[in-house]
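Structures given as structure tokens follow.
Note that subunit A is present in both complexes that follow, paired respectively with subunit B and with subunit C.
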Partner chain A sequence: MDISVTFINGLNLAAIYGLMAIGISLLWSSVGMINMAHGATFAASGYAAWLAADATKALVLAAFGKGVLTTSVMAGITLTAGAGFGALFGAVIYLLAFLPIHDKPNFPVRSLIVTLAINLATVQGLLWYFGPKQKNLPKIFGTGKLEVLGISARYDQIGAILATTVILGLVLFWLRVSRKGLEIRAMMQNPEGAVLSGISVRWTALPVTMLTGALAGLAAILLSQTIFVSPTSGTMPLIKGLTIALLGGLGSVPGAVAGAIIIGFLEAIVGAIPFLGQRYVLFATFVFIITVLIIRPRGIGGLLDEARK
Partner chain B sequence: MADILKISGLTAGYGPLRVLHEIDFRVGEGERVGLVGLNGHGKTTLFRAISSLVGWQSGSILLNGAEVGGSRSTGPGRRTPAIVRAGLAMTPQGDAIFPGLSVAQHLDCGAYTPKAWKDRKARRDMVFDIFPPLRKLEHALVGRLSGGERRMVSVGRALMVDARLYLIDEPSLGLAPKISASVIEALFALPQDGRAMVIAEQNVALLSGRVDRMVGMHAGRIRGDVGHVSLH
Partner chain C sequence: MKKFYEIGQRPSEIILHPAGDSPLARRRLPLTRRHLLKWRSRTNPKTLQQERMLADKRPLWWAIGLGALLVAAPFLSNPMLTIAAIFCIFAAINVLWTLVIGTAGIFSLATLAIVGIGAYASAGLNIWLGLPWPLMFVAGGIAGLIVGGFLALPSTRLDGLYYALLTMGFAEICRVFVQQLKVLTPANGSINNVGSFIPADWQLQRPGLLLGFAGAFVILLLALLIFRIVNSERLGMLLQAAREDEAFAEATGIDFRRARLHVFLISSAGLGVIGAFYAQFYGSISPSIFSLDQLMLLFAMIVIGGLGRSEGAVIGTAIVVLIDKGLLNLGPIRILLVAALMLAVTPLAHNGLVGIREQFRGWRNRKKSEARARRTEKGGEVMPEEAIEFADKQEIYYRRFQKRLRDRLKALITPELIEEHRQRPLGQHSDALNRVLNHFRRGEVADKYAIMRQPGQFHSYKIVAFSGVRGAPPRLVDDKIYEDINQAYHAVFLLRVNDLMES
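Let's turn to the complex of A and B:
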């Protein structure tokens, strides 16, 4: 077993799961909605990026020829299409699953059901329109390998890890310094105090759903560098994102990051152990998460919080 | 004297429970009103009905002449931001603080109008003048403060904009006598021009002789103007 390969695989998985988990966690804590349509956002953004890349490929190739420039232009198109469509899909979820029912009793359960319905409908819609055949996104980081400190890693892995770090850093920074970020954090920490401060749930929920949608879209692009886009490709990231968000303590952003890193490495390590291998990855993950939740029902997030409630 | 708050026929409750029964209540401009009564007789529910935070309610609530009440059976809190923006500042029981924000950020949350947001620094300074202990805690997390400091933050947050009606729910609750006295002191030192303030309190001695009117609540009904009560 090569430890460095396991390390890079672990970081790569952690990056993508982290993007999904933080989206789910943010949405739950600020709006009170478990977004089961997060997987649909993931898959649909992947297809949107594929459509955009497919439509512009010939044009870009003719304009710039073969080379680094074409790769970076295609990367820009793919990422913009993925994140943009993710944000758009988030707005649709807001219109369908938040706005009409957010002030009815039992909103968390109702929105869970509505988003689950959106998820199923979208997956079936994609299957009907595009067929079950997998699509290949352009390699936005190029193909090749790089040796860093004796560790050999593929471009797409390095790209995914770096891109996620930058994106999450930007999101957390935005939450910390902007006025909207302040309102979102206030809503997360005390909804009643927030409404008494004149912060409207409705106008806080829209940017959050769009932001988390864009994060799912980015996760789709990054994961599609390793695997393909297919109608059901969002299911696994959704389940992983949900369980990691739970592990991290729903609503805790540092908890979600820590959970994603732990699960990413756990999967990479279990996958690399010869007598366990890939088929025991899910099993090991769930055993671990269930064990943690038995010991700490509120997840690991509480350990990282600086302040008491 | 213009009415800042005029409530008529307000009935409110949670689920099958009816807490307030046909309440009529008015507060004039410049008035400080003490709302007294035992635990569980509806003081907090009255405040929460005014801010549209109870389970259901019916009856008219005029804030500054604008109707903010009416019948409502779903969505506690949905109309609250609009009511707050119409001129209500409320510090709820339990303070409703944001534990993960610093004192300065917490106060900024209260500055929701564009004007208040623009000069939020000056307003923070004003709040620090009212509650001097907060000044050196400006960058401390609110979740790490003591009960008295949290109360000051909660009241300070309500002072970040120029509201017309201040509802202060049990400012002395859970605080040491000395600290609660200083919080009350700060509340009474606020200028009252064009504003009105209602303080719900169980400790009548704290308000005695210092409010314009005292109103008693019993079993979800207003029990008349008690007037000036002196325990001395």
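Let's turn to the complex of A and C:
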């Protein structure tokens, strides 16, 4: 097995898991909510993107003909639809799971339950409306291979890695420089202190839920370049995202990035080792995560005392 | 004849009237110090009659509910009988799960994984080693205990949601692992033709279904017994102390971590036994038991019923099983229905359906105390809840009358009325002034104002107030000297008006 292929695979997986894990981590640290509907957001945005692409395909083909331009326009439409619907879904989660109960007792567990219910309802609703048949998204990065520095990689892998890097960079930049980002970071560090200095919990939680929803939507588009869109396609990314967020320490963005990279490479390496193979990937991942959590109960980048209880 | 309405809780209480001299004889459950029902004796202060009241009616509700299920079972149709059996199995799982989440406070989502492992272990031993079915329960229990011990290791170090997510991942590992076992690949990960307590030729026949239901019912009863023994005996008490204040519990020598571990291990072993029963009941076991959807459905059950209470686990299971298995022809909509129920219950009820009663009482008490606070502002009158403090109830009515009278008179006092009095303190007055003056004249002697002529001086008056006690002299109200008796009369009037307006 070629090391360079393993490397690219690992980076690809790390990119997509990172998008999911950072969404979960960000939401937990700023709002104090474990979003179990992240998988539902993932699946629903995949379907929204598929619907948008399906509706506009003929039109775009007629307007631009076959070529790079069509691919890029379709990519734009798919990404916008996915991210936009993800953000909308995030707003729905905000309305159902945050707004009515965020000042009531036992909020973390109750919001977990509500988001679980949203997840259940969305998956069943999709299954009911679209049926269990898988849908195929347009290849937004085209098909083909590229040789860079002697490493060969598929377009969609390169695209996913680059797009994730750019998006995560933008999000982190926005968190660092904008006024809203400052408020969100204040919420993450000390929710009570933030409230006392006049930051509204409600108006901070809305952009965070929408942002994490949009990230899940983007992850759906990027992952759907390799797998298909189906009603239950959100379950695996949700579990992976959750466990990576745990591994990185809930609430720590650098930890989530590190966790995503470690898990991505671990999966690629275990999958590449001949006598272990694909079937032991999940097993190895979880054993690794459990070991890390027993040694460091709050994960890699977790803060012991400052973390939300 | 006038009809009296029964008010308060008393009419709905279960009260016996034993003879006053009959001694209280309560039977204990054999080998324990427990009584079956919680009777409390007292003497009714009004009738002086001996009475015995049932202080905790929950055992009756349990007996009625479970008894009704048991009596109704033979008359159910075959599909309904299966649903009842499934309800019993899931309720048993949920009761043990409640033990882990509620009593031990470990937020574990590996419940179904433990059930599945118990089922797979016992079914595998039955198929490949020929283990007879009664021993399958033992095998399932041991498997559950081992897995529980393995899962309990991180539970003391990780807290809350971390552990929940980890155990959810564990269930997923189990599913993938079972699906990829080479031995099971031909059957798509499931084990079929497991030996069972239901004879082979009774399978899917009426007697077989009845036997299956009976077995499931026994499993449910056993789970409830385990819940009762663990939750309200020593282990449960230790953990309750720890729930209220961990540091205090530790300081008094309660090793609550160890107690949590014990509860977790006990319920894991129980879940393993239920797993063995599950495999026998269906005659097969498939990887779908590890699936996230099944777990979520089970979680929906305990959430709708109410976390941490056995009633909640059973009621929630009944509702969700009825929707999920009873309305099969609705298709995927029934899961949407369950999700909608979850979405409705969680934001509105603090702790599921069984918590609604307490929540309503809390709300009603809050409203009551708000109303009480509003009444206190009115002043003077006796509040209903104070009435028991007065032996002579006439006093209550007297005060109420006085309060209303004062309210009336306050409305009569106007600048014109005061002016009228200033001009002519004595003589014929208007109706309003007459009423006010009559009230003043009839006041109690204590603190009543009077005019005292200064000794040895002519046309020189001061205002005093009577002490109301024989032998105690009046006190001087102020030092002002009035040269005219009419002025003094008016000053007394003003003082009294002032007191009236302030009362």
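Following the convention adopted for this analysis, the second predicted complex is superposed on the first by the 301 of 309 C-alpha atoms of A that agree within 3 Å, B and C clash if a C-alpha of one lies under 4 Å from a C-alpha of the other, contacts with A are read in each partner's own complex, and residues count from 1 in each chain.
The criterion applied here is as follows: a residue touches a chain if its C-beta (ideal position, glycine included) is under 8 Å from a C-beta of that chain, and two chains touch if they have at least 3 such contacts.
Computed from a predicted structure; not experimentally measured.
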Fit-or-clash call for subunit B and subunit C when the two complexes are aligned on subunit A: fit
First (subunit B), second (subunit C), both or neither touched by A:L250: second
Touched partner set for A:V292, first subunit B, second subunit C, both or neither: neither
Touched partner set for A:I199, first subunit B, second subunit C, both or neither: first
Partner chain(s) touched by A:P105 [first = subunit B, second = subunit C, both, neither]: both
Touching partner for A:N190 - first (subunit B), second (subunit C), both, neither: first
Partner touching more residues of subunit A, whether subunit B or subunit C: C
Touched partner set for A:L182, first subunit B, second subunit C, both or neither: first
For subunit A as apex, the angle formed with subunit B and subunit C - C-alpha centres, to the nearest 10 degrees: 60
Per-pair minimum CA distance [subunit C against subunit B, superposed on A] in Å: 9
Those residues of subunit A which subunit B touches in one complex and subunit C touches in the other: 104-105, 309
Interface residues, subunit A side, partner subunit C - complex: 34, 96, 100-101, 104-106, 108-110, 112-114, 116-121, 123-125, 127-128, 235, 239, 242-243, 246, 250, 279, 282-283, 286, 289-290, 293-294, 297-298, 309
Complex contact set, residues of subunit A against subunit B: 102-105, 179, 182-183, 185-186, 189-201, 305-309
List of subunit B residues in touch with subunit A within their complex: 51, 53, 74-75, 77-78, 80-82, 84-85, 90, 92, 95-101, 105, 108-110, 112-113, 117, 141-144, 157, 161
Residue ranges of subunit C touching subunit A (in the complex, touch as defined): 107, 153-154, 157-162, 164-166, 168-170, 172-173, 176-177, 180, 292-293, 296-297, 299-300, 303, 307, 331-333, 335-336, 338-340, 342-343, 346-347, 350
